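Look at the two complexes coming up: subunit A is in both, with subunit B in one and subunit C in the other.
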Partner chain A sequence: MTLVRTYRALLLAGFQQAAQYRVQSLLWMLFSIVRPVIFLAAWVAVAVAQGGDIGGYRVGDFAAYYVCMTFVSQLVMAWNSHEFEWEVNQGRLSAKLLRPLHPLHYSVVDNVIFKLNTLPVLVIILIAISLSFGARYRTEPWHVLAFIPSVILAAALLFMFNWVIASLAFWATRMRTANTLFQRAAFVFAGQIAPIGLMPGWLQALSFALPFWYMMGAPTEILRGAVTPEQTWLILGGQAAWLAVTYVAFLSIWKRGLRAYQAVGA
Partner chain B sequence: MEVRDLRKIYKVHERQTGLGATVRSLFKRTFKEVPAVNGITFGIEPSEVVGFLGPNGAGKTTTLKMLSGLLHPTSGEARVLGYVPWERDDAYLRRMTLLMGNRTQLVWDIPAADSFLVLKEIFRIDDATYRRRLDELVELLELQPLIHKPVRQLSLGERMKVEFAAGLLHGPEVVFLDEPTLGLDVSMQSRIRAFVRELNRRTGATVLLTSHYMDDIVALCRRVVVIHHGRLLYDGALADLAERMAPYKLVAATLRDGATGRDLSLYGEVVSRESGRVRLRVPRAEAAERTARIVGDLGADLADLTLEDPPIEEVIDRVFSGDHPFGEPAREREAALTR
Partner chain C sequence: MIRYLRIVRTFMAAELKNEMAYRLNLALGIFEMLLVVGTSLGAVLVLFTHTSSLNGWTLPQMIALTGVYYLIQGGVNIVFSPSFEKLMEHVRMGTLDFTLLKPANAQVLLSTRHFAMVRIADLFIGAGVVAAGLYMLSASVTPWSLVSFAVTLACGVMLVYALLLTLVTLSFWFVRIDNIMAIFWAFTDAGRFPIDLYPGWLRFTLATVVPIGIAVTVPSEAISGRMAPETFVGMLAGTALAVGFASWFWRIGLRNYTGASA
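And then the complex of A and B:
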């Protein structure tokens, strides 16, 4: 109950703050959907050039895939590793560490506020893209129901993964390399560059074993209705398992990180 | 508060810049060890206001960071309010605060009053207590016109006052103040001092204060702890600091017209000479005898004579420059705490 009251206060203050940066938030959201839209346009062009079909994916399937991918990417987006590096280096983290509330909670609130602020515009844009490219969804009601826990697990997994990377800032002054490695890996294995179904078998197997696909590709496939109930259960299980592993890793790294924290600049 | 043999050795990471070096640094790193706090021992009683003195890099802020739970020490022990600070128990965090001059903990884009409401929930302050404390802080710090403006629109001094309120809303029993008047004008420094004094009187909070402004220390602290190069040099009454650390006194002699040229160097070391006013440094043990000689020898040529301790700034400067007898009181207190 106390945590609920704290979250309510943080959300109120956060919304007031975000109100002053609405345009910036919208621009940030627009920048982040440019890449999937470019990939959509590229795959559509290739599909049309090859007679309208690549590996079973037609133009409408690509459109559905990238519209869902864009939607999921926005819902699961996390940027706390960038922010945390800045906070550690500028000494801003110290103010948070002096309070009886884990710094993670402030990130949860920032994250939720950004998404709630940008979601309405995003949905309008995605409906427009869907209509323009003739997106073909095979989504059934149970897919939508399964999508909800899947996207929540994906968001939590990406968020915690970001915190694992963020916590490395306790030891390394600059975290850009680790972030870049993570983003490049996610780019390939999460299904951003292409649907996993179009990749060679070994790459598919690797994607299913690594955590990245469970962060974006998996809920995308559920939302566009491309998975069976059995596959959905496997996906949810994989997401829960990776979330547990990531959370335990975070707790361990955070505890060690606090011992190494040098509170520079503060 | 009890601190025993507290040490903090910083391991400073040495590496080259660039992508390759960054990747390598994730696996293999080289460090240089820099001792910031080198085995200090002291204790502070509840409700005491203690000045923590030392030049830049002496280890003051590092000590405060350890005592507030931000830093883990390399070795040593500390207990504040019965807690080991770096275990970061939530109950401990609710009972202490660390306020650092020029550092903000408030959200810049919203009024301080809204940040206060967030702090109220984080520190679990009940409604009645929150209203009472806020009213007190608003009154003491004259915050009424400030707390409804976005923090970024406040001047440095105004922001510092609001930061004080934010850091004290939860009614901490231990207050660590690190350079609280840094960068503030004389009038605002004076108000902050008055506020800290009143806070200590009203709430009985224990205060450990660092400041480069000796006026802060003189106004607030009867006791000071002096550290240099991470080691404790002196722990005792501020009034005794001059006696312990500066083995001399200052004689100011004002000569009458016609005698302004008299040589006084045979009575002590002439520190300054302006028209008829001569300042002499004399050994503390011989101060009375030399003063009597001056009075006797100069007779009617002397218009005025005063004998005083050197200014506290001068004493501190001597301490930090290493020109002092080493702090026996500090060692005595260390021995007492160890027993």
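And then the complex of A and C:
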């Protein structure tokens, strides 16, 4: 109950704070939009070169895929590990650790506020992209229904995974390499390069096994209506399993890290 | 001119000494770059498992273009982005006055003050990728294609420099401009494909407001021998115009600068 009250207070304060930086959050949204759009353009060029159809994908399917991908990547976005590195390097973490609330909660609030603030403009942009590329959705009502838990699981998974990376900052003050590793793994396996169906077989297998596809590609496929009910259950199961693993990993790493942590400048 | 080259060399040496103190950092930086370039090449290969041509660009040409993309980024990231980052901080902290008092051109001093020497590795990696593309292309590299490549590549870096200088000049009025800079970083990703691939509005943006598209595509066309002579002339004129505009705007901004606490 206290947690609900705390969250309400934090959200309220956060929204008021964010109101000052509305243009800023819109600019940061560009980061989620540009990459899907350029890969969409590339696949459209490929489809056109091959007479309009690659392995069952037409221009409209690519458009639907990348519009959904943009929507999902904005909704699941997390940036804690960058922030955390900065806080550790600046010696600001110690003050945050002394507060009665776990630092995780503050970043949950920041995260939710950013997404809610940018959503309306994003939806307008995505509708425009959908229309200009003639996106073809095969979404049925149950897909939308299944998308909701799937995107929440994906956001939670990405968020917790980011926190696992962030906790490494307790030991190392240079986190850039870990971040880059994560980003490039997401680039290859999360479905940013291509819909998973168009990846070479061994990359498909790896994507299904690793957690990254469940952070972005999986909810994208559900939202554009490209999966059967059985596949959807499998996806949700995979997401839940990876979230559980990541959460347990985070708890143990955080506990150990806190013990090992020696504040910079202390 | 010689004097300025000496100044730049001094800056470079100082930064190199500074960075050699963190050797692990250096090694990790190179490792990251290999990872980034490798996965980007992977993306190109995935696209080409389904086609043999991307809007007229063959696989070897696309590999060369990927190399050019990292060459341009490396060129910008070695000196201009670290220097401009510090410049913005100077404006915010009011320490810019010290540099302005020095008896040399402030634009040169502030654009070249800081080097990220690790990024020299990026140039080697980028050049290696271009060379691999050329090898696969097995096209005869003519002296003209090499010269035009070198010239347009330098132009590409200067185009991006002009944009960054213009943006950073805005900090004389607005102080906090990290967000305006973010526009550039967000669009950088679009340089990984040739500009002719994109829909009109994006192509226009990447050719004018955020010229990363032109900066990458034109040198790639030059090295794969598909550049029209008009493009070469246009690139030279456009770069001269952009750099001219940027330094004119810089001088206006400088005149407007009043110091953070004055």
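Here is the rule we use: the second predicted complex is superposed on the first by the 264 of 266 C-alpha atoms of A that agree within 3 Å, B and C clash if a C-alpha of one lies under 4 Å from a C-alpha of the other, contacts with A are read in each partner's own complex, and residues count from 1 in each chain.
Please note the rule applied: contacts are C-beta pairs under 8 Å (C-beta built on N, C-alpha and C of every residue); 3 or more make two chains touch, one makes a residue touch a chain.
What you see is a predicted model; the values in this text were computed from it and never measured.
> Using the superposition on chain A described above, determine whether A:Thr177 touches subunit B (first), subunit C (second), both, or neither.
In the superposition, A:Thr177 contacts both subunit B and subunit C.
> Would you check which partner chain A:Ser252 touches, where first means subunit B only, second means subunit C only, and both and neither mean what they say?
It touches nothing on subunit B or subunit C.
> Considering only touches as defined above, state whether A:Gln50 meets subunit B (first), subunit C (second), both or neither.
In the superposed model, A:Gln50 contacts subunit C only, not subunit B.
> With both complexes overlaid on chain A, does A:Gln231 touch subunit B (first), subunit C (second), both or neither?
neither
> Tell me the contact category for A:Leu198 with respect to subunit B and subunit C: first, second, both or neither.
In the superposition, A:Leu198 touches subunit C alone.
> Contact-wise, after the overlay, does A:Val23 reach subunit B, subunit C, both or neither (first, second, both, neither)?
A:Val23: touches subunit C, not subunit B.
> Have a look at where A:Phe187 lands relative to subunit B and subunit C in the superposition and call it first, second, both or neither.
A:Phe187 sits against subunit C, while subunit B stays out of touch.
> Do subunit B and subunit C land on any of the same subunit A residues, and which?
Touching subunit B in the first complex and subunit C in the second, residues 174, 176-177 of subunit A appear in both lists.
> Once bound in the complex, which stretches of subunit A touch subunit B?
Of all residues in subunit A, those touching subunit B are 2, 5-6, 8-10, 12-13, 16-17, 20-21, 91, 94-95, 97-101, 168, 171-174, 176-178, 258-259, 261-263, 266.
> Can you tell me which positions in subunit A touch subunit C when the two form their complex?
23-24, 27-28, 30-31, 33-35, 37-39, 41-43, 45-46, 48-50, 54-55, 132, 174, 176-177, 180-181, 184, 187-188, 193-194, 198-200, 203
> Touching residues of subunit B toward subunit A in the complex: what are they?
Subunit B reaches subunit A through residues 10, 13, 19, 22-23, 25-26, 29, 65, 68-72, 88, 90-91, 93-94, 97-98, 100, 103-105, 107, 109-110, 114-115, 117-124.
> Could you list, by residue number, the parts of subunit C that touch subunit A in their complex?
Residue list for subunit C touching subunit A: 25, 28, 31-32, 35-36, 39, 42-43, 46-47, 49-55, 179-180, 182-183, 185-187, 189-190, 192-193, 197-199, 202.
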